[in-house]
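After this come two complexes, each holding chain A, first together with chain B and then together with chain C.
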Partner chain A sequence: MSRAAPGTGAVAGRWPAGRAVGVGALIVLVVLAVLPLLGGTSNATLLTLTLMLTSIGVAINWNLTGGFTGYVDFGHAVWFGIGAYATAILISLQSNGPQVGWPPVPAILVGALVAGFLAAIIGRATMRLKGPYFSIAMLGTFVAVREIVRVWSPLTGGGVGLTLPPYLNRALFYYVELALVTVLVVGTWWLRRTRFGAALVAIREDEVGAETRGIDTTRLKTAVFSFAGLSTGLFGALWAYQNTFVDPDIAFVEVRTIDAVMGTMLGGLGTVAGPVLGAAALYWVRELLWTHLLDAHLLAQGVLLIVIVLFVPRGLVGLVDRRGTSLFELWGWKGWSRGLRQGPVAGGEAEAAS
Partner chain B sequence: MSYFAQALVNGIALGGMYTILVLGFSIIWGVMGVINLAHGEFVMVGAYLAWMASDFWDVDPFISAPVVFVVMLLFGYLVQRVLVNRIIDRSSLVSLLVMFGVSIILQSVMKIAFSADFRLANTDLDGAWRLSDQLTIPVTRFWILVVAVGVTAGLGLFLGHSRLGKSIRAAAQNREAARIVGVDVKKVYAVTFALCIGLTGVAGALISPLLAVQPFQGPPLTLKAFAITAMAGLGSVRGALGGAMVLGMVEAMLALYVDRIGTNLAVVASFVLLVAALVLRPQGIFKGLRHVDATST
Partner chain C sequence: MRRSVRAFVLVSVLATAAAACGESPAEDAAPAEGDAAPVDLSAFDGAVRIGAALSETGKFAVEGRDSRQGYDTWVRWVNEEYGGIRIGEGRYGAEIVYYDDESDADTAANLIQRLIDEDQVDFLLGPYSSGLTTGTSAIAEANNVIMVEGNGTSDTMFERGFQNLFLVATVASDYTKSAVEALAARGVRTAVIAHEDTTFPTSVAEGARRHLEANGIEVLAIEKYPKDIQDVSAIMTKFRNLGPDVFLGGGHYNDAVLFVNAADELGFEPDAMLITVGPSNPRLVEQLDDDVEGVLGPTQWEATMAYEGHWFGSAADYAAYYQRLWGEPPVYQAASATASALALHLAIEAAGSTDTDAVRQALRALRADTFYGPIAFDERGVNTAKPMGTIQVQDGEILVVAPDAAAVAALVYPRG
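Now for the complex of A and B:
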């Protein structure tokens, strides 16, 4: 992605469009930031928005490994659950009856660190596997950790779960998560412009090639995997507080992974804005399906997944890209989507399109 | 000692169950290169069919199994024509995600149709044979083992000696070469997929008296099938038997030696086996239909 000096012909034409995206994103951010200050925003609305931000955050983290390095993680929700559980355990610590739990902030931070630490350990083993083997190994990690949490009752409360003291300040959680998501978006955008980001894409495109060119692929991919685990753990920790209750079946749900995968696919795998747009869109679609279809919402989601994979493999961002707009030039989407054409999703058939 | 003998018997019985559960998954992967993430859901559909036969018409799952086979064969053929044909040439991520979508759809449909209640089919072949005070043989599992061994032998003969079986192996080893020597690869894939889904449905029917039939029983079964296949070599019939016995034995021993929680750790065990097998011996322990290398460097 070359950033030529403004004023040179073709590039000058693209700048206003790129700037428009930046301004648009800023406007959305400001609207989201002022929303709670306006009267009439109920706690329920705030919770809905916070959960949407959670969903977006997890999708961004999933995209770091799934989209950028091409390691498709089918058990990403495990870090969410571990973050939630670690926090819940620290808070509900008891010694002979009275609660001697930790205060919220350190509990949340340590919860996230535990998730990141475990991600570093498990990632070292599972990231040696490639393609579908990695995916299934992570699915296995997810199922196995859930069972361990269920069995380890002295620490985790077993199948009964743990109850947290209510600490309900919806607006506070909303702002914290809004800030986190903003940091993640800016962070991924910035990451793409660093050598580190380029190295991650190189791993996706040709891991052996990257290695022969002196990139320490094992270290880099484990690093990004651990960071994604830590970050998703942080969202899990925050979620545990807001939910005030964790048990194995609500802290570790497959749907959270499915949402991250689907949201990212819908938006555009390996793009900066993809997971944000996709996860947000998916969240509202699901809310609609939930209210109108009840039981059938999962069915609709399965159909949607198949349709996206078969017919819109490059996602929403790819749709815009194909129309020849350079709307997303500023965020480096041209480069991303070009990579994606040879990437894991589009596979062979997209070469004909290019 | 006698507890150990009992665990040994349980392990072999469990291994028989896993053998029949894993064969369809293993062969689809080995021949077509498609990882059928909806495998557990096809088992679940087969189990529901057998439960319906048992509950509505009082037909024993061991008797309804052939009917379930035919129904699932047709269902598998339909899925192959509508979906699998489209994804077979594409990257493994596409087939993983599409089959994942299929699994969500099947779970959801079954939940809408039958609710999430746990069901069990009735069979006359239940109970246990007492050999001594501390050694019993579970009857249902014994007969499943018999069927599993029979099916394994039959499949081995079919793949090894029949013309169609040879075409299937040829298509698995080298698709282009098979096409050149006149194998209709599309037809081979359609037959393979339909046959394997039929077999998977039979597995579901046979375990319906043992394992609670419910819409969400699939994912752990898929995981176990994956673990066994990865251990055993893709599409290897003998390997499936061997890998299934290993997993069954590990689970039975866990249940014996780890007090109370051992049975819950079964799925953890299959995961540990899976990762260990993949990392240590990525090409599989037995020689499969397709060469595989799971590690990246």
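Now for the complex of A and C:
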């Protein structure tokens, strides 16, 4: 546990100014990269850190649509589950599955692509909705996909699930996920500085305005949504391989979405460091809570959520960086009013129908 | 803005409350993280350190608690009554390091890894449920640590060729074996099956079909239904028109109520009804009264079973000992947990060491009669010696009718 403390601590060094933040982040990265080489890092620690990196990765992806583009996705974990399942289907040799028997690397990559592809299709439809309507549509997608997976037994093994060969190299998965998270952080930092990133924020701030200024909002938001799906699918694919077993209730877990939302809100919606900081902090807070509070740990978590929403709506990073946003700006306030009042102009028939 | 903020807070509070209610807290004092059973090991020559991740919270909290009491029953017995595990000339105390896996796959994986790496346990006992056992047994396998378990019975776990996973309970596909054999002996010709489309009922139903066909009974129809079904009358109407000798149904407790009621209302009267989950629960008999008379059900273990062993004595003796410790009768999950620990204990004694390879050999060679039934593992690590028991509701009592070795009453066929 103590080993990850530098992680959260040094990222906290982001407060002062751009350069200091960059140096701090680099130090964290080096510490995390060298850690397993120092010896004394058990597989248990590596697994803990890998699971933390997984939730950071999912939170970063969630922030792309939720924080930057302003579409609060309450079913984001569906891409995680789809990535996990697609990979498991391709690898598993279990008698009740399709027994494809692919090697892991192509299976994991294809698993992520399947998630990205489905995200493109579903995103095109659901992103016509605004504010809470989109959030609920995605929650529905999540539940529906889980049931489809349960019923489609010739392909998915049904409720029985699928087992994968137990190849457990904790250090390998740790480095792969560390590299992925690094790429994502650098990617979002860069994105924030591009026209594309600015266009996403424009969609969040005023979608109709963005459209009238010539931004192809449908294409941009579908693109970012598909990328987030693909990336979360990749984490899901890696997770399936590490867990060596998927079934509908294990691969599609609501908590994964809730964690991404809470982590991002805690850190700061629509900021680069927010989801990293928030998801990491949340992971350790959770660990402490269930160690010390046990039966009350979910209650404590709920209280924490309320406190964040009411008192630090812009998250920890939002305390110093005003470029982020908050959930009620997205959803309770702007999103809501935009969805109801200006919807027909922005979303056409689909909006009117909702 | 105000209103929406308030709405959000309200929703959050409700969600939190719902989450808090959904989590059934363990009734006894909640154990701290990684605590061991409170035993004094100073009197022994050493200790055998065993690890287990069980669900103290989350959806398996109740079964997790039963499993833990089952493990602790063995710990108390081996340290206080038996005088420690005999390894060579020495007497070794037993201790179990527990963690709460929160009924969550990631947490369970994390904790099993922690037990192996940081707590450096010699052996593992299984978690509760097939899903959690499937994931964690892979970690045990990859680290060459033996896991003995009694509460994850899905067949797919044993297709993986693992060397370190052992199951004392009957595997899901054999749940109906003793019942089907008993019914075949009574001249049953045809059967129908309805099962919920989830892990365990599917394994049970597929196994049932195999056993029926192996006994020359024709399966007229197999119907799957979704989780949380509210109405089975369409299935039962179809079955009534087929007119089979036996109806097999499986899912959750509530499905048993639906089956029995629908059969009664629709006039579907097969000569035997075998329902996977429900009949062994006294609550069903109270709830349905006469309608459930003669219904059959599989059971891993009952305190009334005629099994006996050198350790713990008979099934009834075990139940009495358990009752003394915990103030409640043992459910089969608890008995399975105790039997898992006992199998490991016997293998350690036979091996004369805690060396993994030696104990694995000993587990493979183990042949023991116990309160739980005979224990002998096949090459997959499944205990195929213990048949699944079958109970029948007779005059409102739940009586074991098959297999013969465990039976306390004769099978009534056709039912009343």
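In this section, the second predicted complex is superposed on the first by the 294 of 354 C-alpha atoms of A that agree within 3 Å, B and C clash if a C-alpha of one lies under 4 Å from a C-alpha of the other, contacts with A are read in each partner's own complex, and residues count from 1 in each chain.
Definition applied: a contact is a pair of C-beta atoms (placed from the backbone, for glycine too) under 8 Å apart; a residue touches a chain by one contact, two chains touch by 3 or more.
Because the structure is a prediction, the values reported are computed rather than measured.
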item: Touched partner set for A:44, first chain B, second chain C, both or neither; value: second
item: Chain B versus chain C as contact partner of A:243, first or second or both or neither; value: second
item: Touched partner set for A:254, first chain B, second chain C, both or neither; value: first
item: Which superposed partner A:133 touches (first chain B, second chain C, both, neither); value: first
item: First, second, both or neither for A:212, with chain B first and chain C second; value: neither
item: First (chain B), second (chain C), both or neither touched by A:150; value: both
item: Partner chain(s) touched by A:305 [first = chain B, second = chain C, both, neither]; value: both
item: Residues of chain A contacting chain B in one complex and chain C in the other; value: 147, 150-151, 295-296, 298-299, 301-303, 305-306, 309-310
item: Complex contact set, residues of chain A against chain B; value: 72, 74, 125-126, 128-133, 135-137, 139-141, 143-144, 147-148, 150-151, 207-208, 211, 217-218, 254, 258, 261, 265, 295-296, 298-299, 301-303, 305-306, 309-310, 313, 344-345, 347-349
item: Touching residues (chain side chain B, partner chain A) in the complex; value: 35, 83, 86-87, 89-94, 96-98, 100-105, 107-109, 111-112, 219-220, 223, 226-227, 230, 261, 264-265, 267-268, 270-272, 274-275, 278-279, 282, 294-297
item: Chain C to chain A touching residues, read off their complex; value: 1, 4-5, 7-9, 12-13, 15-17, 19-20, 23, 25-26, 30, 33, 56-57, 100, 102, 104-106, 109-110, 113-114, 116-118, 131, 134-135, 138-139, 141-143, 154, 156-157, 159-160, 162, 196-199, 201-203, 226-227
item: Touch list for chain A against partner chain C, complex; value: 42-45, 47-48, 51, 94-96, 147, 150-151, 153, 158-161, 163, 165-168, 170, 242-245, 247, 249-250, 253, 255, 290-291, 294-299, 301-303, 305-306, 309-310, 327-328, 331-333, 336
